[in-house]
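Chain IDs A, B, C, D and E follow the sequence of writing; residue 1 opens each chain.
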């Protein structure tokens, strides 16, 4: 008996056959998905009826009973009281306001131009196939904000001497550290040392100028106090020294690169102060979707770097640094955004020295950004924790410094890992911008609310129509962001597997 | 110092209501108009001689005081009631009363209510953080009546809650009621009850401790009143410059430079009147009987006409 | 491979195999969607037999043995386990599963339960045994796999080899008539492989019916009655281990063996 | 094990060892919390020496060689690498790390960088080399470990053996004087072990100073000058490979060798 | 080499020397921390100094004394005694209670909906899956505030008014004044019914314990659903009837302005409650789904292989493991819901922030009110986090 089965050698290869019908194809799928068990069948029928009912109601409201044209409430009023379908005429009439707020109609091309620039640059970054990612990123994150700011406000910002000095101090520090990082310049060279000390002196003067107010000097059309002037001149001198060093040691293209921070600073100041003949539009005229985007995007842009710093701080082994970051993060995460906005609105101005006043929009952005940064920090910390210890050791064994290790090895991996979390935070932040109405800014939702309180449009169906319109716009943005993040996640995931 | 800052900046920053027809609202072109807005313009005219040099900050009830305290605005002309508390603990200084008001009630006609005393058990819509809210509580308590408060943060939401039937009664300043009625889907369905339950002197306010700026705002107000009293109007102000009446000559700075004393030009009053007209003109243009609000001068008539408006003498 | 030399001296093969049928598969076919993963599988396992299944990755070994306790559903053909045919009938499936133990590559211990609880879970809930008795039995089998002292630890606290031994003990607690093993040692470090194989050899010596997917050729040689070689969803060759290893017939078997034994 | 026979015919040992000291450990002690993991370690490594460290799991082998480039901090005793004593001084640590290459069990390649970028990262940022030059050097070493054609792939796309070879190349790009290996082959499949050992043998033949924790006794026999046996945080025995394997002195060494060579 | 070196317990303590102070990591780290703290202290001092100066310049009073002065305004929903002559402090306390009420109710409802939808997303049934997915993707992607406004302005305020309503037998009325329901007023004898209920519950607990004991001893199990229901529902019901129905029901009746009597749930509460729970439920659904998916497939397979039925597998293997994964994010959603209840401000639900902003306006004490807000919310958050840490530590899977 055993002998029969014990020895067996296949003689022919069995062909791969198609699966039997019944659990396959259209009917198979339907049966498996809808009518696998009696309970399933009942559920399917109930759900099916519910869906049909829901879809029918939505269609009825949004299309069949809806009013598409009209110039005031009369069009959308239903005879005999009751409420009819959607009042799309209302959306139609107020569309401009929903997008631009009360931005002057003649100047709306400026907003459109910014939107277009944003769309192009963002597409360049977001679509994986488009080349020149690096340049694009610089344009999007460095050039675009300044250009938009000038476009939307009209520019002609007045820089105080202190602000100017600060800009140049930062530029100077970047230049000097750039030059010092070159292998052929040792940081012990006397010129470098002088440059560094000049910067330190400049920074000290800046700090002092906050406490001591001394004299007022006008230099290059800017009003300086004596101390800020000192700081400004010191930073210029440091830049000059660094430039001299750079020129002596390297080729022309190289030193041009080294001087980029200074050139950028000069350009920045010029663009911000120059008169391009744009009519100034104060921020309290901004509103609608445009304002929503401004708050959300600047909040996002500010919260990401801040979140990274906080996350690194929270993982630091220096107890004080860690404690400070923990307290900061837990504080912001523990309170509702509304109270943060109230705080930004009522308390921030009290914190500032006399005479310094913050624009209302800026305050909202500060509040939103700090709030989002705390959440971002936690997301990024999750990413940092997920990086295996071996990566840190590998970098250490290669003698990279702490910041090199973080910047070149750890953060790129950690950030990639938490893209979904970051995008979720972005989505949360985008949705949260709707709260800025609390401090009197008319974002998309705010304008819609003002719209349906407008006596010319008051009908029972306008609020629902307006809110659903706003919901749809928000949904569109958030949903595409989340889909994009899923897409990116998949892409990055497969890119590394073999 | 505010005056210097304003001059240096080149514009006056004026806090106004986010939208109260007749007092401060935006027309279809986005231009601001209303009684409070004209006060902003008047001050701008006094300082710059140009009514357009105003930057308006629409403020909600919650935002208005912090905005002033925090230097975001130079003057608050936002139908704000002058109370002792605000004058003292909030650090405000009221420069005068540009509208004598009182709190009233509005109800739907079909309720058949004719007196506020019939309102026991009603649901009342009121804006939060206002003196109105406090008066309401006091009024019902003193008259031993119940009510259900519905307290919402922005006036336009209060109005729409009332209009949609969430409340039976809407309460706010009588002038505000007149304005709110215009915002109803059907203004004719609503009645303003006769009772006025409080004193609501509304006026422009500035920060305490800056007497010069306080004087500018205060005397702009009195200049408007005096101009009306003396019959100086937007139209005839040029001619009036030649007037022999010593009071008019003093008002228009023909005899003595009163402007200098408060840091303004000699012809500051001329600029004001040229820009916005006198108090009566402002009133009639924005809220008077020929406007949709149809408000009588009443208490806001000049003292000479039996009202309360009394311009301090310029001399 | 050290195992081979050790256990060769006491081959389990000597034990007799009854001619009662434990598992019978007749023309079994299975598809994953469009993919034909098992093709006309015919296999009869007698009580007491120890069968080793080998073959290249993806050849359907796991799928085949998972069909035996209906972790996968076959679409055509018959599978009869211990006299019960596997169909959609839930009662019968339950019956079969109670009689068939299974050990997985990744142990699949329940991490939230202690070792002892892992072992008593099924006896208490499925066999409706009193807890005391279940624990006694569990301790018995844990002693047999040489880890009675770990009974109150959690799976996460044990090494891989220990976890796999617990998994075997857990299956044994249900007192199964047939044991299925799906690559029980391939997730283990070399030092631990031996301890697990030792337990399996012990089981085999006691006459348990076993179907074992493994690449441990030493184990196959010393313990199995029969070695089955699968490729592309078919049984390509089966034979006694001696003959199978020393004298493979099919081309594919030869290729496979040459790769695996160097 | 096949390696042993192959390379035995061309032993690298013939090369001369200088008497310059590369690494010197004097009475090194280390604790993890309360656990005394290195106990009075004394070890002198001369330039050009190839030392293999072996011993049971947990005996402190990894800890010892990780102390040499200060991935772990020792608490007592002195470690002098290439004339620089390792103290808390960050400058000196950086100096030492620049001179000492390290290869880990799990490769620790940076998965977000291509192979080439992995190799040029440190030369560019630490040695401040121009990118062009760094890439040339990297390609040179990648050619040497026989994977120049993979330069633009990502680590995740390579097999384990290839990854480990990249890891070696990456270390070599910094032009180190000493190479540390911590079980470089123990995470690899058997087929890949050889390709990595081949590279290491090549390195040894060129006279690189090497300290290598490994259980590949074939490699030790054919390449090492000296084999060190550690147990419980101490160096228990050290000797030339021939003598070490054929005639171990200490009880523990004998036991260990009997377990590992069967 | 031969002598075994003794293990010494504990490393030596003491300072090591270093060539340059700047390169000593300990020194560096201390220097960085000290300067950071110094900078922070300076910054804080600067802020406080500015604030003090600004307050003085603006002549604003400060301090918490205002909490004891008369509030003067009324509050719509007062779960605890309150009238306009009470203090600001009391008003704020009413706000806190209202916050807790809406948060509590919202959490319960959101959890129920969230679990149903989350399980629905894993359903075999395509239509159920579709419905759940649409639900989740819709509500996750629109702002909470919008959902709140939608319920309030879009749905509830377009309902009919309370006058001219047709009376209905049940006494439930949903109008633009909210939901009016009959209210049960108990007579003194009613305590017996409550006592019976408590006794019933206790009896069920005892029964369940005994059942479990028996099962452990003999392996047998008996269904206790029916006896349990009988004890919990039947016993009180019988007592209620026997004691002569000691309750009257107060039905709402139309009066001049509103419905009078009965129990009223205000539309502000309904809108906020519905919006918060529906919104949060979308997130909870995702958490539940992820939690269930996080239980490896091998676990269910192993359970099946042991002969456990699907129901038992879920109860004994999947749910206990999923819960460890679900609980932490679930709590943070609960916290979010609580924090989001502050949006009640937008529709006039008198919770902490809404009342706080009224107080802020009436008294002008912005700093103090903001501080009170922050303190209350931080207290809630921190309490929950402490609890969570304890819970996580307790539930953590033991690893080696």
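A few notes on this one:
We take it that contacts are C-beta pairs under 8 Å (C-beta built on N, C-alpha and C of every residue); 3 or more make two chains touch, one makes a residue touch a chain.
These numbers come from a predicted model, not from an experiment.
Shared contact partners of chain B and chain E, listed by label: A.
Relative to chain E, the chain whose mean Cα position lies farthest away is D. Chain centre most remote from that of chain A: C (centre = mean of CA atoms). Taking the mean of all protein C-alpha atoms as the reference point, the chain centroid lying nearest to it belongs to A. Chain geometry summary: the mean Cα position of chain A and that of chain E are 30 Å apart.
Each chain gets one centre point, the mean of its Cα atoms, and the points for chain C and chain D are 41 Å apart. Mean C-alpha positions place chain D and chain E at a centre distance of 56 Å. Inter-chain spacing, taken between the CA centroids of chain B and chain C, is 90 Å. Counting only residues that touch two or more partner chains, chain C has none.
For chain A, residues that reach two or more other chains under the stated contact definition are 346, 349-350, 354, 449, 452, 460, 463.
Multi-chain contact residues, meaning those touching two or more other chains, occur in chain B at positions 66, 69-70, 157, 160, 164. Interface of chain A with chain B (complex): residues 73, 102, 104, 282, 284-285, 345-346, 349-350, 354-355, 357, 360, 439-440, 449-450, 452-453, 455, 458-460, 463.
Of all residues in chain C, those touching chain A in their complex are 17, 19, 29, 31, 33-36, 39-40, 43-44, 46, 75-76, 225-226, 232-240, 243, 249-250. Touching chain C in their complex are the following residues of chain E: 215-221, 296, 298-299, 301-309, 312, 316-317, 320-321, 324, 397-400. Within the complex formed with chain E, the chain B residues making contact are 61-62, 65-66, 69-70, 85-86, 88-91, 111, 119, 121-123, 128-130, 133-134, 136-138, 140-141, 147-153, 157, 160-161, 164-166, 168, 207-209. Taken in their complex, chain E has these residues touching chain B: 54, 57-61, 72-76, 83-85, 153, 157-158, 160-161, 176-177, 255-258, 260, 267-268, 345-348, 350, 354, 357-358, 360-364, 366.
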